[in-house]
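Which chain is which? They are A, B, C, D, E, F, G, H, I, J, K and L, in the order written, and residues in each are numbered from 1.
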Amino acid sequence: MKIQIINGPNLNLLGLRQLEIYGSQTFDNYFISLQRKYKEHDLFYYQSNIEGEIINKLQAIGFTFDLIILNAGAYTHTSLAIADAISSIQSPVIEVHISNVFRREKIRHKSFISANCRGTISGFGLKSYELALLSFLIN
Amino acid sequence: MKIQIINGPNLNLLGLRQLEIYGSQTFDNYFISLQRKYKEHDLFYYQSNIEGEIINKLQAIGFTFDLIILNAGAYTHTSLAIADAISSIQSPVIEVHISNVFRREKIRHKSFISANCRGTISGFGLKSYELALLSFLIN
Amino acid sequence: MKIQIINGPNLNLLGLRQLEIYGSQTFDNYFISLQRKYKEHDLFYYQSNIEGEIINKLQAIGFTFDLIILNAGAYTHTSLAIADAISSIQSPVIEVHISNVFRREKIRHKSFISANCRGTISGFGLKSYELALLSFLIN
Amino acid sequence: MKIQIINGPNLNLLGLRQLEIYGSQTFDNYFISLQRKYKEHDLFYYQSNIEGEIINKLQAIGFTFDLIILNAGAYTHTSLAIADAISSIQSPVIEVHISNVFRREKIRHKSFISANCRGTISGFGLKSYELALLSFLIN
Amino acid sequence: MKIQIINGPNLNLLGLRQLEIYGSQTFDNYFISLQRKYKEHDLFYYQSNIEGEIINKLQAIGFTFDLIILNAGAYTHTSLAIADAISSIQSPVIEVHISNVFRREKIRHKSFISANCRGTISGFGLKSYELALLSFLIN
Amino acid sequence: MKIQIINGPNLNLLGLRQLEIYGSQTFDNYFISLQRKYKEHDLFYYQSNIEGEIINKLQAIGFTFDLIILNAGAYTHTSLAIADAISSIQSPVIEVHISNVFRREKIRHKSFISANCRGTISGFGLKSYELALLSFLIN
Amino acid sequence: MKIQIINGPNLNLLGLRQLEIYGSQTFDNYFISLQRKYKEHDLFYYQSNIEGEIINKLQAIGFTFDLIILNAGAYTHTSLAIADAISSIQSPVIEVHISNVFRREKIRHKSFISANCRGTISGFGLKSYELALLSFLIN
Amino acid sequence: MKIQIINGPNLNLLGLRQLEIYGSQTFDNYFISLQRKYKEHDLFYYQSNIEGEIINKLQAIGFTFDLIILNAGAYTHTSLAIADAISSIQSPVIEVHISNVFRREKIRHKSFISANCRGTISGFGLKSYELALLSFLIN
Amino acid sequence: MKIQIINGPNLNLLGLRQLEIYGSQTFDNYFISLQRKYKEHDLFYYQSNIEGEIINKLQAIGFTFDLIILNAGAYTHTSLAIADAISSIQSPVIEVHISNVFRREKIRHKSFISANCRGTISGFGLKSYELALLSFLIN
Amino acid sequence: MKIQIINGPNLNLLGLRQLEIYGSQTFDNYFISLQRKYKEHDLFYYQSNIEGEIINKLQAIGFTFDLIILNAGAYTHTSLAIADAISSIQSPVIEVHISNVFRREKIRHKSFISANCRGTISGFGLKSYELALLSFLIN
Amino acid sequence: MKIQIINGPNLNLLGLRQLEIYGSQTFDNYFISLQRKYKEHDLFYYQSNIEGEIINKLQAIGFTFDLIILNAGAYTHTSLAIADAISSIQSPVIEVHISNVFRREKIRHKSFISANCRGTISGFGLKSYELALLSFLIN
Amino acid sequence: MKIQIINGPNLNLLGLRQLEIYGSQTFDNYFISLQRKYKEHDLFYYQSNIEGEIINKLQAIGFTFDLIILNAGAYTHTSLAIADAISSIQSPVIEVHISNVFRREKIRHKSFISANCRGTISGFGLKSYELALLSFLIN
């Protein structure tokens, strides 16, 4: 199966910044361990700080991949355009968040994309990504 | 490990009502299959339509169980008292929803309990419960 | 025909309290007169102050009764769980209120259950119950 | 007894338009059947699309009729002037709606006139008018 | 000078209805006394319950009269169309209210027309009309 | 083809009032030039300041005309009854505005009728009417 | 009769500042002309920029004066304490404004004191004070 | 005198949970010391996590007890039904809170029951209960 | 112990105005009786209608007194500056109200100062002051 | 004349996605037919999913082109920066939408750019672009 | 040049209170060092806790001073009267804040006076005053 | 010291557009003069219309530069992602605005980034940048 993880703005700094919220592991390290653990599947990783590039990526893979795991970061709470992109493609998209967004500022309690995603997984640290994967693999 | 699943109001009708939203499997059947699949753990199940009884249950097990998986149903969106109960106990609580609550009426977009739970899993059908379990078991 | 009247919180005090709003007749007396007048039908009466018990009752009778007449009292304005229960069952439910709720505090102008009920009858004193019954009997 | 039914804007198209909401019977036919069924009473019918003409009618009959049954249509939700007219007259006014307004758009959940009417009956199709009549006739 | 008084909906019932708010004098009597007191001026009086007729009147006289005294009644609080009519004409318009609208329901605290009128006089009973007249006559 | 233009309140003053917003051409002159330019079609023009008369007109022609071009003026922003009339009829209705309503006061940013119309054309001066016509004629 | 005019903050700069809003006459000059015109009455004038001093003044004269004419300036829109003072005293208070407050910023559309005053006169320039006086003198 | 203390949801965990907010004393210990200190009065204690049981208790004692001291916990902020129960009974009810609710989340700043209680005492730790008692005993 | 009572605007009229809300006892009389009853403590009393003078007083005594009992009157609901003063000083401040503010207008339901005070006592008439005192004296 | 069409995010998928909303024609095909029909003018087409690139384009052509037709897609409802760009340039900009945005979710009812555009055309399918063009060409 | 610094309520406690927010330097010391550093200019300092006295000061110097640096403290967020005073005078006023007000409670995010001041400087500790001065001195 | 100025969308048009708001100097000219005046420091300048490129820049320099001066233009009011980037880096960021944003439309009164910046300087024209620099250089 072809599975794409997409990370939004500032998530390239994972493990470098705000360790008290996001922990000290870099996403690259985490991604490599995830690939190893699920090596029977094709896992890909993409990150961008630019809203429109995330849309470009969603469109590029959204008709051929089996699953998209999306952590849109701050764009989760401001981007109707990404929400539209999710509606426009055929691959299922799962929304994940590392932190429990409901413990943070009020603006992070509202997601533009939840309604367009298959489901949401929030608050399990980096494990949120693996749970999104498992939501697809378990029966 | 001791793990308790708690279901809130109307979830006893699962598989009987609103099949287009919740599917046709009864929770009892699902729970039995879950017990079998994870038989190395002690899984328990409780359901009540009464807000205060859910609080009673949370208090009764909340200092000895390893994990509580809570689908508070409609009380998710109206019960500050259940949210307080979650804060009052020591066992970690994970919030689950069968349907994608963000596709439904606006009142279901707001959860009183998310901020007090470890994490939230929403929209994966009955699989949401298993993912909650896995969030605890995977490393 | 089997018809169930369900009264919510504090309606057991009818005829005893706040006579200027609700009048001085007890509901028991009223119910007996109603049974006599419509003796060709099976009328039942249930009252509870507990939200979840009202849900229990709705579930217990909601697949076999011909009509449910529900005055949910204050829960009308706060209970999404009762609204869900109405959606979950098959018997038609009619919402009634003794007083004209729109003349009272603002919170009583909003009903969680109206959209899920067949219709609403409000402001006719105890006659509201009989009108609900007649809505079913007249052609 | 002298009883006036007043219908507001677009209700002259009943039975012709939006049949899925309002059904296929014209109001004229319904009114004739109602007159026959309650022939011991004087029933009158008036319809206007003009807000101020409804006020004129309310004032004209509002000091001599025994009952006014008012379906103000869309003016229910926008007309403070009709609400004032109801307060200004002596005849009791009952608010009726054919459809369950609480299932429709949000603006239809708020009524300017409910607080000034004796009671409200909503959601019973054309039967709502007869129930309003019965609210006056039954003891 | 040519001066027009325009009264909006339900003000034709002055002296007949809601005496505790508006007093017991009919407007016709008051108007005659006003004409006598200011007989050096041409005073005219018009009342309508129909929003659009008030607009028609404003347009008909609004380019030739010296002063228009407008009590738009309930339309004060709901009619953008009357507010537009006031902006469209050349004669100065003064907004008057018999009762102190700020002591009544919240919806009456907001006026659509105040900003388009020269000034507002509210709460002096029928004297409000004479004060509007005097605002024009005194130096 | 039979095409009806309907203008709402105060639009009879076009070319006479508020020239800085609406320009100096009267609508009658404009309409004549429009008739000449599109003389292969039957163009009709109606204006009223009365909300209910606009509804009457919509109902009268709304089952036989090919197109209705509606500038409801201020009623655009306050009339649910006109919106209902548009839903009740079969002829397509196009909403037009002479000025760019989004540059004016906030209340004019919200339209009751847009959702019920086929489309909206706003801000092109009197050309807005012709564009509405063209929306029907071009392929 | 004893009549007190009270002016609130910044009104001591009348005739000196913001002439386009308030005109070029100083209040002292205006007050002298008013005293002359109504010399059969005792007119007094007080101004303060301090909210509490206005309250002190209202309390000091509020049990013996026949009339208080109050232009509370910006405190109109922020002072519950002045509103309370008006309720606490026995002399009637009339609210006046020089400019048409409804043409200015939104915060000036809401008055804390209107409901506690006998009436409101707004938008007539300095004449507003004289009209307040006349509201008391005319029959 | 007969005095009833009623505690709402989660207050049975006092002294066990969230010690930084509520302190480390159990309510049972506190209650015993209170009984001793005021042994000339009959003090009773009741706690429930179930909204409707609190209503049942209020109704059961609300016509014979001299004073009810109610800490409704989270139900303070969500229960219109308890507020109604307080209005329905005759015994005076005093609302108490251990913590200063105004320092906590916004939802706790609004109380459904304050308006129906005689008075409110908030923020004095367990002393709040004794102050409620003293409010009744001191002259 | 040194204890200061501070009363805000219009409370100097206690016993003179609005007797139905505040009762007929003057505060001076009440204060004298309080001093007598608690003569082992140094009780002081200060009242001002001026917001800034209350701040001055709080600052003057706020580093040396043992307790401040503050009824800020209407400033409770509008003064962030007094709230800041309470935060700036060291003496504990208790907020008291004579009437049950939650039964009055909506603006009085919100207090700027509650979160900065140790606790709040509201609705016990003049006894509220003594209860504040007792909150400090009882163990 | 030089005319630029600019399409915003996800509009590159036109004819591929959500056919029930946008129809099955690709924009490229439509654009070619438009160029042919108006071949006496220079028509250009640009699409980007990136907000800032749309701004770049507007700036690049906004001082030399005769007309810009802009469908900003989802950025219509979230981008103040595009609105600023429109204000910053000299070429007239016309806002178009394919679907009737007022029939869709509430967030799409508000446009950041309407006030800065010359006019708005919404709901005519791909014809909306041609109407924008015609708004410029017809006299 | 003549330059006046005005500090509002509680700022006299600078260096004494809430050191974690405002630092430990008293304003008097800071002001002396500022005078020394800019001794070619006439610097004056004024502080008051009384809203109206700040207005008095602004009026007294506002027609002759070259610059006014105003830290209105809590009145920034509640005083329309001070905002009016700034509009009424001729000297330019610069708004300064010691702390970053946008990190504090929501009510401090809104300033009544910003729109009337030349500019705002917030968050630089006591340096904010010097920066305001420099905004005037640098070219 | 290394100091970076970052300008957001449309600020590349400074001196070319909307001269009445922003003045006629280009930013390039201003920047050169600033470099000359502060030649002992390393000043850099970057501008982008793309939200994500601003984030990229902040991340690239945000761990090594001594100061970042950010005018995020319209993104100030819509970008949570830039706010997150500011939180993620170590260099201090100062928010500047050329115009007084509080005199412009309401949406510009709210800044997403203020709370994450060290301080804010708004309304001093191009001088705002130099003041930001000075906030760092003066002692």
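Just so it is clear, contacts are C-beta pairs under 8 Å (C-beta built on N, C-alpha and C of every residue); 3 or more make two chains touch, one makes a residue touch a chain.
Quick caveat: nothing in here was measured; it's all calculated off a predicted structure.
*Asks:* Using the touch definition from the top, how many steps at minimum link chain E to chain K?
*Replies:* Each step joins two touching chains, and the minimum needed here is 2.
*Asks:* Any chance you could name the chains that touch chain H and chain J both?
*Replies:* none
*Asks:* Would you mind working out whether chain A and chain J touch using mostly the same residue numbers, over half shared, or mostly different ones?
*Replies:* different
*Asks:* In whole angstrom, what separates the CA-based centres of chain D and chain J?
*Replies:* 47
*Asks:* Distance-wise, how many Å sit between the C-alpha centres of chain B and chain F, to the nearest whole number?
*Replies:* Distance between chain centres: 54 Å.
*Asks:* Pull out every residue in chain L that's touching 2 or more other chains.
*Replies:* 50-53, 78
*Asks:* Let me know each pair of chains that touch one another.
*Replies:* Applying the touch criterion to every chain pair yields A-B, A-J, A-L, B-C, B-H, C-D, C-H, D-E, D-F, E-F, E-G, F-J, G-I, G-K, H-I, I-K, J-L, K-L.
*Asks:* If you look only at chain C, which of its residues touch chain H in the complex?
*Replies:* That would be residues 8-10, 12-13, 16-18, 48-53, 73-75, 77-78, 107 of chain C.
*Asks:* Going by the contact rule at the top, pick out the chain C residues touching chain D in the complex.
*Replies:* My answer: residues 100, 102-103, 109-111, 114-115, 117-124, 127-128, 130-131, 134-135, 138.
*Asks:* Looking at the complex, which residues from chain L come into contact with chain A?
*Replies:* Residues 50-53, 55-56, 59, 78-81, 83-85, 87-89 of chain L touch chain A in their complex.
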